[in-house]
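Working notes for the structure below.
We just call them A, B, C and D in the order they show up, numbering each chain from 1.
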């Protein structure tokens, strides 16, 4: 059931828009279902028509105009130039073909490390999380990665319960020490703002906050100190109305956004 | 040629308590659910399970008390919620869950399928504490790699579209998605069981040999089980049963209700057809429809 | 998306003297002959060649003085007779021929395609003196394996049925025979050139994405070259040209005649179409026929 | 052009018949083109209907009724239950699925070792042979192997110019020392007779000679001494007329036999 268009942008839509802006034309991106998929299609329909979208299930460069409800779903196949296997798509990471990947997080620390394994002690956890899936592969191997996560104090923590997926590990130089080929997380996009990692320390810093979001709110929802907070904090750019409409058209049934 | 067409009961019978089983299917597609129900009915115990991305398939085996240890990238309802029986058993210390990245798992099945004991991979992991990963130095350039121990389970079970009675197995023409992993899974085991939507004639297989994914020489048992992946999808033959999956997710939060589910749907079903009757024809057929089914149609 | 559709001259141009080239095709099928003719015309020198089972393809490059070293399981006219230019160059010490069993070569291409530097194999070889094979001990069970160094050549050239201008490559539906090796070969190289029988629209590719064997992101140049594998076969599109192969076998025994062949058919042809004209339409079309062509038809 | 049936059996036909008799029903055999292929089809059409014939090109269990002229040829596909790749078929050797393989030889020694690399010195050979192809894989890995070769003194040698493909190497225990999984050559079939390997020494011995073949002729054409020669040498069994006809019908154009 489509709803009439509303001009107030939602947090999901802001995240999708901010993520779509990180696509460069020609990027080969490994895309999961959910917000990254909408962001990828929005980018491909606008400023990055030559981006190649690879789905983990092996679908290459799909051009679906409506959203599939899962990575293995067949609607995605129509318009694809190649269908192959989970094995093949993950092999592209090893080959270095994938230069952009997206990650989610149950917990994230100041270095962009991610926990998706347990809350509490590993052996006797309070909550057992679904696990790494392919995130570790993406985080380790893709040239650039972007983390999309809801901004909540229980998720933005000083110390992870478990390090499932490496960001910058202990800071500058750590990825090199462990021999991880990818460059590490480029940005973190939340419902409150956009964040980057300081070049010297590799700790998270504020790049911009979304409209109507206060610094106090962000600090309240973050369990660690930012490395850098601009004196005058930029407001995240807003999508033009046509682009907002494009994003909404991609998911008319609100399977992924505004659900 | 010897027929390998068995009843489900017979096909599953060789699985031993304490044995290792690789389970086909990925995420919400093509897990061999009928065979897993039969394993639960036969009260197999202390199984070691291998899978890629798992869900209700493994959760049910855990809830029914069949499982000792798991190797999988995830056992989940969706990207954010772990399966509840898994979570409970894990937190109570009743199972060992060896969680590994997907890429590593696919390589381990591939290595097992090639009957090699390990495979090198470019270093992509912080690998402390993972007993299936070791360091390995290249004998050519002296660089450090990681060695992955292959998966070579006792038994593999996958669900496919069709096979002849001799065990030549085919996927439908749209076979290319994650299916390769199922082939690796099937080939990794010493004993391979394939459940299929349809048993077809050998002539039908010979009409289209390029779509054969497993030759009879690599298959030990085939069983015809329509809707054998329910509530998961089987590519374009039927979609996943979202409402049943939601139902499972809801009731599995309460151990007592989950136990009742196992009683009602599995132990209390004399066969897979009995289970399908409980799901109901209207629901099953709606899963193959491209149209939305309205109301109580 | 950027077009990768080049002229043959341009596509082959990046190959450097002294560089390494993997050549697709197996036995008497689908060697990329048009591209090899162009390499000869461009007088590339000191090439290191990698192939599986080779024949006139590599023999011609040797005769034209392009080759320094070869890795292949065989360069032969049939199971009993080696190609003559190879034999002569080898006996005169002008080339190094590293002959390796086929299975090992296929694993080396596969490892190269996965961008790993080596792959373990169960010990199946007496491996003394083979610099691409080393001993390797399993870090898990301590057993001895052999490690094969992967092939990762500078350039790969394969011949396929069709591609779009962006480099999405497909085989015809009957793609299953030895083709996988060509895919491994294509993926093993840093730079991949694909010659095809037909350039088709992107829409045609999207109609049948399951038959795409190489996505554009793994291809650097595509060139449309009808009959591009002649005198070898291209699956059901055309059969091998047995009489031309016999002719080559006959004349290649005499270096002077072989030299004349290279002059007449390759250096003396301004393009592949010029070469095809010399072969003649009647002959070419007869190769696609299922009927025997009588006399001078 | 079919010729009228002739009741005199040729040397090629004897070899094909003798090879066909080594098939057991249910064998999974890796079959090359040429005489082994005809032998395989003859066996499958008679006493070994359940034999599975795997061609190196990846064709499984083909049931072609006429002969293809090469391993990759499409006529073989019709009636096959699976077509796959060279890689797949050779992988079956590594997996131990193949239990019968056939080999040819340019040179063979008393231990069933084969040279298909060079005649003369390796670095400065007199003749360069086509090479191992897949023979080494078959010889190393297949449970049982059978060697088909023309019986000539220049081929049956005391010392090979080069060991391309291992038989029993230096004699009993050698294969085990090198860790080769297959059991080594079971028989050698020539145009003169059938030969086996002595259990204790693993040297070649005479099992039977074909009709009309004298021991003197065999000794004259063999460059090494047999380990064992029966006092009364059996004559190789002859095919029944129907089976001979079957063999001839499989290759009516004499592509492989009697060419």
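Basically, a contact is a pair of C-beta atoms (placed from the backbone, for glycine too) under 8 Å apart; a residue touches a chain by one contact, two chains touch by 3 or more.
Every value quoted in this text rests on a predicted model; they were computed, and no experiment measured them.
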Inset, instruction - Mind listing the chains that sit against chain A and also against chain C? - result: B
Legend entry - Chain pair, A-B or B-D, that carries the greater number of C-beta contacts: A-B
Legend entry - Centre distance in Å when chain A and chain B are each reduced to the mean of their C-alpha atoms: 29
Inset, instruction - Return the distance between the CA-based centres of chain B and chain D, expressed in whole Å. - result: 42
Inset, instruction - Find the geometric centre of each of chain A and chain D from their Cα atoms only, then give the gap between the two centres in Å, rounded to an integer. - result: 60
Inset, instruction - Specify, in ascending order, the residues of chain D that touch 2 or more different other chains. - result: 59, 77, 83-84, 91, 94
Inset, instruction - Specify, in ascending order, the residues of chain C that touch 2 or more different other chains. - result: 115-116, 121-122, 174, 176, 209-210
Inset, instruction - Go through the chains and record each pair that touches. - result: A-B, A-C, B-C, B-D, C-D
Legend entry - Touch list for chain A against partner chain B, complex: 32-34, 56-59, 70-72, 74, 77, 83-88, 90-91, 93-94, 104, 106, 117, 123-137, 140-141, 163, 166, 169, 178-181
Legend entry - Residue ranges of chain B touching chain C (in the complex, touch as defined): 115-122, 134-136, 138-141, 143, 145, 147, 149, 173-176, 209-210
Inset, instruction - State the interface residues of chain B toward chain D in the complex, per the touch definition above. - result: 1-2, 114-116, 164, 166, 168, 187, 202, 205-206, 209-210, 212, 214-218
Legend entry - Parts of chain B lying in touch with chain A, wherever the complex brings them together: 26-29, 52-53, 72-82, 86-87, 90-91, 93, 97, 99-104, 106, 110, 121-126, 144, 174, 176-181, 184, 233, 235-236, 240
Legend entry - Touching residues (chain side chain D, partner chain B) in the complex: 26, 28, 49-50, 52, 59-61, 63, 77-84, 91-92, 94-97
